[in-house]
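Each chain gets a letter, A, B, C and D, in the order it is written, and its residues are counted from 1.
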Amino acid sequence: MSIAIIYGGTRKEGNTEILTKHAIQGIEVEEFYLRDYRILPIEDMRHDEDGFQDRGDDYASTIKRVLQHDTLIFVTPIYWYSMTGTMKNFVDRWSHSMRDAAFPDFKAQMGTKEAYVIAVGGDAPAIKGLPMVEQFKYIFEFMGVEFKGYIIGKGNKPGDILEDKVALFQAEQLRKKL
Amino acid sequence: MSIAIIYGGTRKEGNTEILTKHAIQGIEVEEFYLRDYRILPIEDMRHDEDGFQDRGDDYASTIKRVLQHDTLIFVTPIYWYSMTGTMKNFVDRWSHSMRDAAFPDFKAQMGTKEAYVIAVGGDAPAIKGLPMVEQFKYIFEFMGVEFKGYIIGKGNKPGDILEDKVALFQAEQLRKKL
Amino acid sequence: MSIAIIYGGTRKEGNTEILTKHAIQGIEVEEFYLRDYRILPIEDMRHDEDGFQDRGDDYASTIKRVLQHDTLIFVTPIYWYSMTGTMKNFVDRWSHSMRDAAFPDFKAQMGTKEAYVIAVGGDAPAIKGLPMVEQFKYIFEFMGVEFKGYIIGKGNKPGDILEDKVALFQAEQLRKKL
Amino acid sequence: MSIAIIYGGTRKEGNTEILTKHAIQGIEVEEFYLRDYRILPIEDMRHDEDGFQDRGDDYASTIKRVLQHDTLIFVTPIYWYSMTGTMKNFVDRWSHSMRDAAFPDFKAQMGTKEAYVIAVGGDAPAIKGLPMVEQFKYIFEFMGVEFKGYIIGKGNKPGDILEDKVALFQAEQLRKKL
């Protein structure tokens, strides 16, 4: 099993990253820090005569590498009760890949994968993070990805997550499965 | 009452825009097409010694104008079961404005406003759009914005929304309130 | 198409009933006022040696008649952010029917049906009624019932619903489909 | 701190009860097994001239004892993606207590309490149990009860819950707080 970690955070070594590192300790993974790539918002050209146009950024090369893995772990701090805009832009672009001759089997390929979500939020995330979990559920459902589980931790200031014993324990349980 | 329409769509004259134009027919509003501005993802520098840095894009001038209105209408096609990345980036940046000396009363000012959401989706939006509505609810709640209502229409191909009689009726009812 | 209306309300001629009558005007339906039947809470005996026992109430005869219809309309005032306990007891009992020799094809039969939900609430139902809609979605999904749509109206005092123009319009649109 | 455990399950020693016993090991609590009381569905008489009528069952004496505690733990197996009908009937009756001269300060008294929810479900409860969590959130919010946390375990057959290590760990963490 080959694992891709897709980081949507915009702060280095934020709580969500710390929690994820705890989960993948000693496990071989490929890590994608989306903030280090140039990934533009989608421009919806589904209904244009010529269809979607290449946006000349890092999206295509990134998704190509992500596709080589079996397990995708989406890691995002909770910004405004959902994934970061940085991660959302990445997901939005899938609408292009689904119609891109360069990715002839995009949806079918994604449909063979399984996914986890790891998120940390500061404002009652166990409750107010639930719409985000449901959003991921619908995303995975649409793509045929199996949603294997999620961890929602609590943290605000740097390092807070180390106080969230349940999240750390869940990370350890996840490690055993990976 | 002064009204700002904040468009998150990336396609000109998409279904969500058609539905919104139906709602604001004959009403004076200021329109913000986010796709026409350069609004970068936030970089979370809350915990940096020097705090957030200016990103040199169109965000500050845009939010400044938005703030001058009493009623905010957030208009977004449903991309992957939530607002577009384009709109999410705009909202994410509020985290900076709340800590920006250039906007000393950002949260207090936002807290005087009322908001509506207009969205159109193609995949069972009356059900699968609900997590997005809840996200907006939490966003508004956090900012003290009064969430006055929402319209979720159904549409996929250009013009589909004109078949959604309930959404059109809701748009007309909204028009009477504006 | 044969239609069953399943009323969960405990007040005669409440707002939800008024809204539903508006939707079914001039249409032949069979109406089930659950409050008029004796339907006890389920006793979970799945794991007992002898399985579920007959509870000697009106459930079996009621569900038998409901099963004869193709379209089920679940009508409930929103009590504490979900269906009434009266209606919940009725649904809970399905767990027995699925294991009851008297209903050998219960799930398969349910799986041929389509359903609507009509609900009225007093406390911001367009938002706070959403978890109930999701519960119904999962219930129908589990049973293989097609969830064709829902109407959530707003009302508290008797007759309030007549002021909810959108709900009334939705009821009229539903009428055309039935 | 005085603790009431309110059990909504209808099977003795079900998974939810096992999980709860694990959480309250060695702690003094008062336990209410709702299945052992006769608690009828509410009859909504808010708008009747004479208001609600006493239903002559065990509700009043039960809620009176519950009110004497500071912390309420609601324990329910997930039936059809929400609390059991047995527990729902109990909660529905609060609408009467709020208008009952015998409970002059019902809402104010409830508003001093804090609450937890412990639930176990068999069908992807970490996802499909979320609407139930949101429903409890709104219930507590309405009453002014502080929602301190919840545990959702996974289990179907008797004893399954002992395999859910995360739920057991959460129960142990909860124990430390009680």
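Quick note on the criterion: a residue touches a chain if its C-beta (ideal position, glycine included) is under 8 Å from a C-beta of that chain, and two chains touch if they have at least 3 such contacts.
These numbers come from a predicted model, not from an experiment.
Looking at chain B and chain C, not one chain touches each of them. Mostly identical positions are employed by chain A and chain B in their mutual contact, as over half of the interface residue numbers are shared between these two copies.
Mean C-alpha position of chain A lies 35 Å from that of chain D. Taking the mean of the C-alpha atoms as each chain's centre, chain C and chain D sit 23 Å apart.
Shown for chain B are the residues in touch with two or more other chains, namely 130, 134.
Taken together, the chain D residues at the contact with chain C in this complex read 9-11, 14, 35, 41-47, 77, 79-86, 88-89, 91-92, 94-95, 123, 128, 130-132, 134-135, 138-139, 142, 157-158. On the chain C side of its complex with chain B, the touching residues are 126-127, 130, 133-134, 137, 147, 149-150, 165-166, 169-170, 173.
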